[in-house]
Every structure is written in C-alpha cells, then in structure tokens.
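One chain, chain A, links the two complexes that follow: it is found with chain B in the first and with chain C in the second.
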Partner chain A sequence: MTRIDVSDIQGFALRGYNFPYARYLLLELAPAKQARALLRKLLNVVTTGERWDINNKPQSTVNVAFTHKGLEQLALPLASLLSFPLEFQQGMRARSDILGDSGTNAPERWDPVWREQYVHAWLAVNARTAEALEARSREMQQFIDETGGARLLQSQDAGAIRLHGKFSTSEHFGYTDGFGNPDFKGAERDCVPGQGKLTKRGEWEALATGEFLLGYADEAGELPVSPIPHLLGRNGTFMVYRKLHQNVNTFRAYLDAKGKHYQGGKEKLAAKFVGRWRDGTPLELSPDMADPTIVADPNQNTNFTYGEDPAGIRCPLGAHIRRTHPRDAFGFNGGLVNRRRIMRRGLAYGEYVPEGQPVSDSDERGIIFMALNASIFRQFEFVQQQWIEYGNDARLGNDKDLLLGNHEGKGKFVVQGTADHANPPFICGALPNFVELRGGDYFFLPSLTALAMIATGTVDPR
Partner chain B sequence: MANVSGSTYGLTTLSPIIEDNKLNLCHSMQIRWYLSQLPRDHRSPFAQLSSTYLARLVVMDDVVFVGHPACEEHLKSRYLLFETNFDGDLNTYLRRMATEAGEFVNAVWKHCVGFPGTDTVDAFITYMKTCQIETTFFFADVNDQTVESTLNALKTQAALAHFMEKHEGLPPADLQAAFGKFVERLHNAPPLPRGGDESRNIAQERRPHD
Partner chain C sequence: MTNINGKAYAMNAITPMKPWKTPLLKLFFLVLGAVKPLQKDLKNLSFIHFARWVCIGRNAFPRLSDEQPTEELKYDYLLFISNFNGTWNQYIDAFSAVLYKGLDAIWLWSEKYPGSRPVTAFKRYISFVQFDTDYYYNAYPHSATNDVKAAIRVQSAFTKFAQTSQSLSPADFQEAWLSFQAAVSPDLGATGIAPIGT
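Right, the complex of A and B next:
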C-alpha cells in the first residue's frame, strides 16, 4: 500500500484547485542570498496537498516551481544540479527540435519573456475571487520587495471562462475541458472509472505513484530518475508550462467551411475533431448526440474504451482525446500507455468571444497548458512528439493532432465513417495551425522539505 | 528459411576489417569517416537500391565488458556489420549492389579482409555470401508487399484523401465521373520518384497523385 505525505507535497501536484482565477508570476531570481530569503517567506504560505476543512477552505493558494536556471541561481551544489534529468537541465527551448516546435511555434517566435530572458521561477496564485487574487498577489509582491529576492518579469493572468454569467470549464474553441486526469495510488480520491489504468479484467485502477511523484515506485516498479540527495526529489514532480495561443477565428472559419459539407453536421464534425461533443459528451458513449446526463455523471464521463471501435467509426482514430489518452486503443489492455500519462492543469487566458461574434486571431487568447509528470522525457515529450506531432501509433502515418498539430497549412484529418449518411467518411485537409506555441519551459515543483532545504542552502548531495 | 519472411529477405554479413598498425587512420576509422559523410536523403546509396526497406552498417570494434557477473570476452578482429532487408532474392540484390552502387560498396568494403572489389560481380557475390550469417529475426513490417507496392499504396491513399476532400458534396453523377477520371489518372501515373527528401520538392505538375 502506497502512503504519501500530503503535507509535504505541493497541493498543485495533487489536485486541480478548480478556482476560477489564476496569476502566474514569472520571476527572475536575485543572487542566492536574497532569493533564499524570498523562499523562506514563501514556505509559510505555500499550499500543500492536505485536505481542506469544509468550513475553512482557503480563498487562494500559492505554489512555486523552478527552472534549472533558477536552481542554479539558488546556488544548489553542482552535484545536485547535474543529477537532474537531462531534458530538465536543457529546458524546453533547447528541446524544440524533438518537440516539433518549429516554424510559427519556434522559440524565435515566442513571447519576449520566454525568448529573450530566462524565467527562474513560476509563482502561482489561484483564487476563488478577483479580490482574493489581488490580495494574495499583493502579498507576493510585498515578499519580493521586502527580500529583494526576485524581479517580476511578467505576470500572466488566466482563469475560467464565464458563460451565461457562470464560470465554466470551457475553452476558447467552445469545448468543455478538464475531464480526465489520471488517478494514482495514495492520492486522496478513489479511482474514478476511466481515469487510472485498465486492468487485465478491463477494470480501472490507480496508476503507480511514481508516474507523477518522485521518490515512489513507478509503473515499472522502479524509482523515477530524481535529483540527489533523495530528499531533494522526493514528493516533488516536474511541470511543463506551455502558453498555447488559440487562433479562434481560424478555427471557427475552418469548422464552418468544413461543417457545411459534412453530412453529420457542423457540431458532429466538431465532436469528431476532439472525441467529445462540445459539451463534453464522449463520442464513444454517445456518437449521435450530446447527452448532458453523461457529462454530469463522473461514473460515465470518462468511463469508456476504444476496443469495440477499432476502425474509429464512433470516435475517429485521430481524435484529440483518443490520441493523447489512447486507453486500450493499442491493445494489450492499455498496457502500452501506462507510462505515457500526464496530469494536466490548465486555464484559459484572454477574453472569451461567444460564437457568432467577430473575433480576431491576433488577440491574446489561449490556454496556459501545464502538465505534471515524473519524467518529462518519457511522458510529456513522448506524447507531444509521437501522439500530437505524428500519427504512426494510431496507424495514421504522419498525420498530426488536428487541434494542436504544427500543420503549417498541410496535413489532413480523417473522419472514419460508414455508409450511413449521418456518419460518412470525411477528409479535412490543408490544416492551418489552430494553436500556436508562444513560449514556456520545464519546471521542478519541489516538496515542502526540498523547498526548505533550498531556502536554507542545506541541499547536501554527499 | 530464417533469412526470408514473406517476400522480404534479411541479409546479415560480418566482414573482418583489415588491421594495419602503420596507418595514421586505421581502416575501421576510415569506414566510420566515410559513412559519416554519406548523404541521408535521396542520394543515399540505399535510396538508389530501391528494393531496400531498411539497411544499416555498424563498425564493431570489440565486445564491451558490461561488468561482473559477465565475463570479459573479445572478438578475433574488428568487423563491419551489414544488415539490410529487401524484396526479392539475394543474388539479384547483391548484383544490383555491385552494379548500381559499386562506388559506395568499394569505398566501404575495401577496408575489409579478402574483399575482391565489384568489377567481377560473381566474385563479389561469393565474397558477401562467405561473410553471411543467418538472420534469425529481422524487421519485416509489410512482408507480403514490395517496397514499391507499399509506396504506391501510401500514395494512392493520400491521393484518395485529396480526391475526397476536393469533391466533397458533388452530386452523385458528377462524383462518379470525377472518380472515373481519378482512377484513370492513377493507372496512367508515371513511376514513383525515388525515396528521400527530393520527392517533396518535385513540381506539382509531376505529381499526378496529388
């Protein structure tokens, strides 16, 4: 039985807070002495994974993570710095070739903060209200001013999109997002059907803790690669931060144009792109219409497999959710995908423009995509390279993910179908880039113990 | 026979590399250097040998000692390992190697013991067969199709996808007529360009499949 110490793990690593407001403070750290003073201030306020008292839920949360450059600035011993996995040491910019971040997604085209500078730390505030966000942000700025521990390079706001006066989990293309996140052993919630791994009996169970937290056995029964000393890594994890700009006008125009020719109709085509209807209904469970009762039921909304749909008649082989979480699509009861899972945290940024209103691609609008995993190389980078920017595993040759792929006007998306006139085969070609990368980096999200060691200069690799 | 899977042949050869201590750059290094300079696109010698699925050359210096409890062992010589799989029979492929990629073959194998050159094709074939070891397991992705028919199938698939998208929503009679023309154009298409990057740059008018 795996036991994890939730009071030592940053809350962000254990759960999505589901707060509607967020601000990511991108920091350049001062030399180690002042930067450590800032971290000692943060130690008192960093949100842990402890369960919240129902009558005393916090109004806001604080979490912190560092790039390798940031850990260098904090003067970690060289032996510790060199013990981090290579991809984290290199950072995302240097990994652009293998990630397919070229052309419009190339680092030269990123926002200045990611292109011209080196972000050392990510200081995240999540909040229930706009007031709580401002109050907590002021406190963070006060810490920075008092200690001289950092310089604010950029403040990135994000938040839930408001639909019909209420906060939603929708994103700018109009899809309800954020259904699935892998369950792992020791995390507080029970395994939700569809969210862990498949057993040989076809049931769902939690994944090994070591797929998401350092210091625990992973799906191979091994400890993930972790920095030394052991305490520096244990209860920590790695985070991928990608600012994904969404070309909403391009997306809507493309869907309109193609939807006119698709006999299943525009909304069904939108569903085929992703594998869910825009309200979130999985195509596998309801191929012909959206069904709010399925969406509302946590025992159903991620509880499906692709084994009965090998040709992609219900959910296309290249649909976004089938590519990125193939479940049993590759056979072997899903055994081939258990080491390629990532936890997603993400929030929209920029103003939401309802359907039917004029919208521009050039406005600042998109998703701050964050993924957590024990091995960026084995998990996130594999998914990005093989399942987003390539199609061979899904038997789709070099087709890319329709939504996220770096198509540059080429490429195609195939909707598999039948002779049924409402579900015909259909080809979407000349794909533009619906999403563009505007920057980001790889971060280490330390445990509270590790944060205290870093803050006091007591990391000792001997 | 283990060397054959479906219509695919798997050839493995081990050729001892000449030892000559008087050279500044030993033969094995010369092979490595030459191989590192070879083009990897359509000008690659294996792109010229169009029936090749996959080929690789490895210079093996010695067995690497991996630590206790493994025991320390050594090869009698340095070897050039050559692995290739291709359509058809071995004699035809070796003959094509000698006649169509002779310059490459000579530049590599001249560093190997007993290599007779490619001027006498039969002598070259005999030499390669002498170096051959049985291939018990090899990659044969599509073992009942040739390289050419696989490439044709992929091109046809891409062409069909293009056709479907272009003619979406056409009335049935017009669609049928257009499909008839499409099939005819496919039948009359010239042979596929050779593999490698060059095929991407071929002008549109030379790409009837698209």
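Right, the complex of A and C next:
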C-alpha cells in the first residue's frame, strides 16, 4: 500500500472539492522580497489534502500555483529553475505549435491577460457559498495589499451550472461532465471501476502515484522528472490551465441541423459526439437510450471497456471520451494508455442559457479546464496533440476530436453504424470550432514544504 | 539527412555483442520466427510498419579493396531497423510499456543494455546507439500505415459493391448502399500532415 503525505500536498492535487463557486486570481508577483511575504501569509491558509472533519468542513479552500516566470520572479536559484521540465520552462504559449493551438486558438487571439502579460501565479478560491467566496477573496486581497506581494491581473470566476434551481455537473453544451478522473495509489478513495488502469484479468486498479504526484514511483517504475532539490518537487504536481470558450450557438445550430438528417435522432447524435448521452449514460452500456440508474451508480457510470465494440458501432471510434480515455481501445489491456492519463479539475464560467433560448457565441461562456499530471509533456501534451488534434492511435487518420478539435470548418466526424436504420453510419462534415482557446499556461502546484522553501528563500539546489 | 519523412520515422540502431552470445540470440530468433504467437504483440502495435533485427558477425563486414585497412573486430553487431508512425518518444514508450519482455530477450545480449524498464535509461541507451538515416524515401508521406490499410479496405469494399449493385432495384440499392457505408464507416479517417515531432 502506498502512503502519501496528505498534510504536505495541496488539497487541489488530491481531490476536486465539488464546491459550486470558484475564483481564480491571476497574479503578477512583485519582486521576490514582497512576493515571498505574500507566500508566507498564504502558507497559513493553503488547503492541504488532509481529510476534513465531517462536522467541521471548511466553507472555502485556498490553493496556489506558479508559472516558470513566477518562480523566476520569486528568485529561485538558477540551478533549480533550469531543472524543471522543458515544457514547463517554456510555458503554454511557446508550445502552441506542438499543441495545435493555431488559427482562432493561436496565442495572438487569446485574452489580453494571457496574450500580453505573464501570469506569475494562480491563486484559487473554491467555496460552498457565494458569501464564503467573497469573504475568502477579500482575505486574499488583504494579504496582497498588506504585503505588496502581487498585482491582480484578472479575477476569473467559475462555478457549477444551476439547472432547475440545483447545482449540477453539466457544462454549457448540456452534457453531464466530470465522470472520468483516474484513481491513483494513496489517494483516499478505493479504485472505482473504470477509473484507474485495467489489469490483465480485466479488473480495474489504481494507477501509480507518480503519474500524478512528483516524488513517487510512476507506471514505468521510476520517479517522475522533478526539479532539484528533491524537496522542491516532492508532493507537488504540474497543472495545465486552459480557458476554453464554448460557441454554444454554433454547437446547438450544428446539432439541430445534423440531427434532422440522422435517423437515430438528435439526442442520439449528441450522444455519439461524446460517447455519453447528455445525462451522462455511457453509450457502451446503453446504446439506445439514456438510463439514469446507470448514471447514478458509481459502480456502473464509468465501468466499461471498448474491446467488444472495435468498429465503434455503439460508441464511435472518434467519440470524445473514447479518444481522450481510450481504456482498452488500443489493445494491450490499456497498456498504451496508462501513462497518458490526466486528472481534470474543470469548472464552467459564464451564464448558462437553457436549450431553446437565444444564445450568442460571443458571450463569455465556457470551461476553465485544469488538468493535473506529473509530466505535462508525456500526459497532457500527448493527449492534446495525438488524441485531440490527430487520430492515428484511434485509427482515424487526421480526423480531430469533434468537440475540442481545431477544425476551422474543414473537419469531419464519422458515426460508425450498421445497416440497422436505428443506428446507421453517418458523417458530420464541415465541422466548425465548437470550442476556442482563450488562453492559459502551465503551472507548478508545489507541496507545502516547497511553498515554505520558496516563501523563505531557502531553496538550495546544492 | 532525416529520420522523419511525412508521417513516418526511420530508426536504425547498432549495438555490439560479445561473439559467444551471438549464437544464443540467433537461436532465440529461430524460435521467434517459428512460433507465430510470440510475434503477436509486436504486430498488434498498429503504428509500426515493421521491425527487423539482424546479427552481423564481426567477420561479415566487407573489405572493398586492398587499400582498405584490415580490421580485427572484437564484437559482433546487432542491427535494428524499424519504420513507424508517430514520435520517437511515443515509439519507445510503447515498446517499454507493452513489449518489454520481448525487447529484453533480444537486446539483453548487447553490451551495456540497461533493460527496457524503466524507460528513461532505455531511451538514453537508444539515443546512444541510434544512427541517423542518410536518405529516407516515403511513397505516402501524408498517410500512416493505418491510413493505407484502411484505404485498401475501402477500395476493395467499393469494388465489390460496384460489382454486386449493378442490377439492384432502387429499394435494394438503398439497402446495399447503407450496408456498404456501414462496412467502411470505421475506415474513413482523413489523410494529411502529421503533428510536429516532439
């Protein structure tokens, strides 16, 4: 059994808090002396991975992460700065060619805060209530004012979408989101079927800790690439932050138009796009209709494989969840997939507009996509480059992921099918960009120990 | 000089072996060649065009003329040639993830081979023993092997459909057309430019 030091790990790295309110403060740090003073204030309030007392759960949480530019500003020793993985040193803007972030997704088109400035730190507040969010945000601003440690470049709000008066896990296109996060050894819950990795016997077990936290063995049996000294990296992880704008009007119009011609109907086509019905029912488990009992059961809602559906008859080969978490789809019991997993911590931003009401593409609306992984290069960048913007592993040539692909009006999506009229093959052509990248960067989410070292200027690369 | 042409990558590696080990490896190759199930995992890696290992004896190198100095080599050599789609890292990661037993059985006899797991040491080793490709011709730079194989399936299904659908009634034709579309629907990926190598 793997034990991890939960009191040294930021809570955000271990679990999604499932709080409905969030605010991400994007900071430019002051010179090291003042910035360190701010970090010393934060040290006392950063939320760790320790379990919460059931009678005394916090109303809000605080987490912090830094870009490489931010660590430079904090005057880490050069030897440490240069020991970080190359992609993190470069930052996401410089990786746009590798990621396929071109055209409407190119850095020149990003929001000014990501295009013109360098965000040094991401200070995240998650909260149970709007009041708690405001209270904690005020405290953060007070820390900033008292120490002069940073300048607030932008405050990005995000949160759960309210449906029928209740908070949901829905996103703006109407899909229930947030099912498939990988389990890893040492995290608090047992492995949920479908969430870790497949064994040879076809069972599911947790992934190696080192796929998601630095300082622990990974799936290859070695320690992930980590900055020096060892204590700077251990119990930390890397975070990818992408502001993904959703063209909701374009999506709804496209689905309506294609849905009219698809014999399975509009909702089935929507399910084929993603691999889940919009309520979350996996197509592999229920190809003909949504089934709330499956969605409600954690032992079922991610518990499936693609081995019995090699031609994509139930779930298309290019469906979003099949591309991004292929399970056994490439054979070898998922052996080619286990080192390409990411932990998602996304939340919607912008006002939700119910189906049937007029909606504009240009309103601020989308997902703040955050992914955690031990190696941005091997995990997030691989998924983005090879599985979203390309299709060879899924045997789909250059076809891109329907939802996230940078199609520029030229993409296509094939729904595999049979001669059965209820499930015929269907081609969706002239794909527009349903999602556009509006900015983001690569962050390092340090452990509490590392944060203390950074805050006191005692990082010693030896 | 390039190892990359379109969607394909050419990898060559040469590793020295103590001569007494060569017959053992050849014996293993004999078994590997005869027992087809042992080749299954390699063949199932769909992005690999082929992988070939050749033992080159220390006396097998040609002396082209009298002017070429005579050499007395101490090692036999193992030549590895493979073409694949995707990136160098992806290829070695895949080898290490799912073919490590087979790879170790083949390369174990080579000097300083660290084993294919953990993968970092293995990558370091390959980068030391890899020789860059002088000239690389690729007939279909915008296609991976998966694309070519898919195109062959579509073409033969289409030819068959054309032959069998000539005299169908409109209603039967519609059904046959649907069946044809269904049959080729997994094989319709676009061809094009590969993502940039990392």
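In this text, the second predicted complex is superposed on the first by the 462 of 462 C-alpha atoms of A that agree within 3 Å, B and C clash if a C-alpha of one lies under 4 Å from a C-alpha of the other, contacts with A are read in each partner's own complex, and residues count from 1 in each chain.
Following the convention adopted for this analysis, a contact is a pair of C-beta atoms (placed from the backbone, for glycine too) under 8 Å apart; a residue touches a chain by one contact, two chains touch by 3 or more.
Quick caveat: nothing in here was measured; it's all calculated off a predicted structure.
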| item | value |
| --- | --- |
| Side-by-side fit of chain B and chain C on chain A, or clash | clash |
| Which superposed partner A:Pro354 touches (first chain B, second chain C, both, neither) | neither |
| Touching partner for A:Gly165 - first (chain B), second (chain C), both, neither | neither |
| Chain B versus chain C as contact partner of A:His261, first or second or both or neither | first |
| Which of chain B and chain C A:Gly429 touches, first, second, both or neither | first |
| Per-residue contact with chain A, leading partner among chain C and chain B | C |
| First (chain B), second (chain C), both or neither touched by A:Lys412 | both |
| Which superposed partner A:Asp393 touches (first chain B, second chain C, both, neither) | second |
| On chain A, the residue positions that both chain B and chain C contact, one per complex | 397, 412, 414, 425, 427 |
| In the complex, chain C residues that touch chain A | 7, 41, 44, 46-47, 85-86, 89-90, 93-94, 96-98, 117-120, 143-144, 146-147, 150, 175, 178-179, 181-182, 185-196, 198 |
| In the complex, chain B residues that touch chain A | 154, 161-162, 164-165, 168-169 |
| Chain A to chain C touching residues, read off their complex | 97-98, 100, 219-222, 311-312, 317, 330-332, 335-336, 338-339, 377-378, 381-382, 385-386, 389-393, 395-399, 412, 414-419, 421, 424-425, 427 |
| Chain A residues touching chain B - in the complex, by the definition given at the top | 260-261, 397, 412, 414, 425-429 |
